[in-house]
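Before we start, here is the structure in question, set down as structure tokens.
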Amino acid sequence: MKFRFTPCIAIAALALLPLLLDPRGYWIRVLTITLLFAAMAQAWNIVGGLANQISLGHAAFFGIGAYASTVLLLKFGISPWLGMLAGGALGGLAAFVIAIPTMRLQGHYFALATLAFGEVMRVIANVWTSLTGGPGGLSVPFVPPSFAAYSFKLLRPHAYIALVALVVVTAVFEMIRRGAMGYRLRAIRQNLPAAEVIGIDTTRVKLQAAVISGALTAMLGTLYVQLAVFFDPDTVFGIASISIRIALIAIIGGVGTAVGPILGAFFIIPLEELMNDLLSSRAAGLSQLVFGIILITVILWQPRGFVAAFTSLKATLARKGVP
Amino acid sequence: MSFLQAILDGLLIGGVYAVISIGLTLVYGVMGIVNFAQAEFLTIGMFVAWFAWAFLGLDPVMAAPLSFAVAFAIGWVVQGQLISRVLTAPSVAQIFLTVGILIVIENGSLLLFGSQFRSVTTSYQTASLSLGPLFVSIPYLIAFAMSLLSGIALWWFMRASWFGRAMRATAQNPSAARLMGIDAALMYKISFALGVGLTAFGGAVILPYVTVFPGVGSQFVVLMFTVVVLGGLGSVAGAVVGGLAVGVIQALSALFFPIQLQNLILFVVFILVLAVRPQGLIGASR
Amino acid sequence: MTTILDVRSVSRRFGGLQALSEVTFSVKPREIVGVIGPNGAGKTTLFSTLVGLIRPDTGSVSLDGKDLAGLKPHKVAGLGMTKTFQNVALFAESSVLDNVLTAGLLRHDVEAAREQALSCLDRVGLREVAGKLAGNLSFPERARVELARALCTAPKILLLDEVMAALNHAEMAEIMQLIRSLRDDGVTLLVVEHHMRAIMNICDRILVLNFGRLLADGTPEQVARDPVVIEAYLGRSVERLRR
């Protein structure tokens, strides 16, 4: 892979940020959540952007990861790191299972099917109380701080873990996009019969993308609940709180690009936190309303998101002779 | 016996599900897009009816035409200003435009009306008729009757009126329809507005036995989609059959499973139909 | 001499239409076989069946002795048979090079596929437009890109579906020359065309289809003289060709 200057600067800047923020404070928490959602949106981007399979049910994988690691910890004392890997495997398996029957569905139908699947997982989590604690939710148990136990006194380590996660997921995204798989996915997206005829195993490629995306999303679920500690089916399997939000972030930022989900997350999450803070419970839903309006605006005016808006702005300025 | 009772209840409720969902299938049939925000118009219809009951003393069933009108107007504007712009855009844009509308309406309702639950009380809420050994719940019966009426009205509109035939023509072949002098943009507005209006109408009609709050629409989303997918996206007759089927499935599963699992059954049916026969049990594929 | 492609009794029905009916023929290595017939005769359906896009109701297709029953198109491509599409099925939002490169991925990694792609584009004379967006090219250029793309899978058998449509005489001559040179390199070709002169010129053999049935299978001269074929299809062109 080519060594690129800008991303390295950006990563370095992001890496410095947690050091500048109060390690116990509010903003480092916001940064961590932002990084996590950026990573989640990036994992979604693999199927939503590269494979053009619009999933409205990614919460299914997120929740699977969250519950897998927590249940393993609670019931067997297994370290969340291992639990994360287990969750990743389960998430990949779930993606495989949902991808097979929905393989041939197009656009809207596929979105509907994934929506339903996410809801199925949420209902199962609500009902299977002996395993998941039901609607009451679960809490990640307190353990003495240690890296191996994924337990920290301060929030800073969580931020760094989230940053590493974002870098990893983005690296996976870019490797897919630039590699053979990227070519194959673009072919499948544009003309499926032609792709088949020139030797692309379209089923296998789509499955691969789905499994990678599902596994990564599930692992991020573990990271999230280790930070949040308490969660319930509605938090981690929620359509609005997870599925729609990560897709929205990727789309507003620029679906199909590596930078898009990151831009989108850094715009949406801090804004949301700010609004919820300033307006508190009186304006519950105002931040969501604003995002709904932003989403509609982006779709109508620049469907390829902020990234494309910046690029065309640069082009316009270049044309007008602005250096 | 409870089996027969469940089937009866299921059919009555199913009729309403049909009316609620017809709009979804109508919009898909004419314009080719799935309106993810459709269930939000159910919420709108219910709120309109509730406020009519609270401030004007109108029985929800009487308020149903008002709900229809309000939703029709909103739908007209939404289609004209927003949806018309993505009719030729890739499905990503179409999906997320209606998702955006969903978010706006749901949170708008939250801001305007607050999160508390509201319900109506009517004189006939707990009344029922006896039909041999079976009970016919009056609210269900009235809801079913209203659905039947609106269904017949829709059928007449689609078959006999010029607008209805023009809509069907536009659905089958937009360019040919245009050549015949049919204004496609107008047809799209009418279909969309009619579709969401019917959903809102259905909302008003179920108010006697469902509590309204900003998130109530979301509870019906998968149900509505199951109805139309079972019957075939785009087929109005399919929505009727799908509605009845879903009503019966729901009622029967209530006999055997706790309420949470009933939804699960519906979702699984939904996924199975999508996987095995996406064009539905009846529907024509678009 | 052994055959590279064996088609036995292939039939396929779509609803009320019998698209292919007991089609049987064989092709020897390095033959150039023309496939002609009126519109709707089943030529494109035949090609789609050969590569596995459509499954035959009855009958079998064998490539190099290997039965292709139930194999998906990508497997058939792997075994060495691919086709071009009648109305050209390029990846319009990708560059010309990327279109061809993607086909090269069947047998190479990205870097090697790029090399292959460039040489395939050279072969069809489109190297200069490698960087252009495929959707921006003219129709004849796109047909040639599609040919290059098919070539990049290193096929043993290449099925060309009306690759000379909308070409002028000079362009047609180029393509005909290309087809001959491909044969010299060891590729077997089946060519659907409506341009009679081209077909008669380059083909060793011609298959005539009508209403899904194989009417004739022979050399250009034999086919031109076959009364059944004349009656069904060739009509007056035969008299002109004879003179």
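So that you can tell them apart, the chains are marked A, B and C in the order they are listed, and the count of residues begins at 1 in each.
In this text, a residue touches a chain if its C-beta (ideal position, glycine included) is under 8 Å from a C-beta of that chain, and two chains touch if they have at least 3 such contacts.
Because the structure is a prediction, the values reported are computed rather than measured.
Colleague: Classify the inter-chain contact topology: is it line, ring, star, complete, or other?
Modeller: Chain contacts: open path, no cycle.
Colleague: What chain lies farthest away from chain C once each centre is taken as the mean of the Cα atoms?
Modeller: B
Colleague: Whole-Å distance, chain A centre to chain B centre, using C-alpha means?
Modeller: 32
Colleague: Taking each chain's centre as the mean position of its Cα atoms, how many Å separate chain A from chain C?
Modeller: For chain A versus chain C, the centre distance works out to 45 Å.
Colleague: Once you find the CA centre of chain B and the CA centre of chain C, what distance in Å lies between them?
Modeller: Inter-chain centre distance comes to 50 Å.
Colleague: Which chain A residues qualify as touching chain C in the complex?
Modeller: 179-180, 183-184, 186-187, 190-191, 193-202
Colleague: Across the complex, what residues on chain C touch chain A?
Modeller: Against chain A, chain C makes touches at 51, 53, 72-75, 77-78, 82-83, 85, 89-94, 98, 101-103, 105-106, 109-110, 113, 149-150, 152-153.
Colleague: Would you mind writing out the residues of chain B in touch with chain A in their complex?
Modeller: Spelled out, the residues of chain B in touch with chain A are 33-34, 36, 82, 85-86, 89-97, 99-104, 106-108, 110-111, 115, 214, 218, 221-222, 225, 229, 233, 258, 260-261, 263-264, 267-268, 270-272, 274-276, 278.
Colleague: Give every residue of chain A touching chain B within the complex, in rising order.
Modeller: 48, 52, 54, 56, 101-102, 105-109, 111-113, 115-117, 119-120, 123-124, 126-127, 239-240, 244, 247-248, 251, 255, 283-286, 288-289, 291-293, 295-296, 299-300, 303
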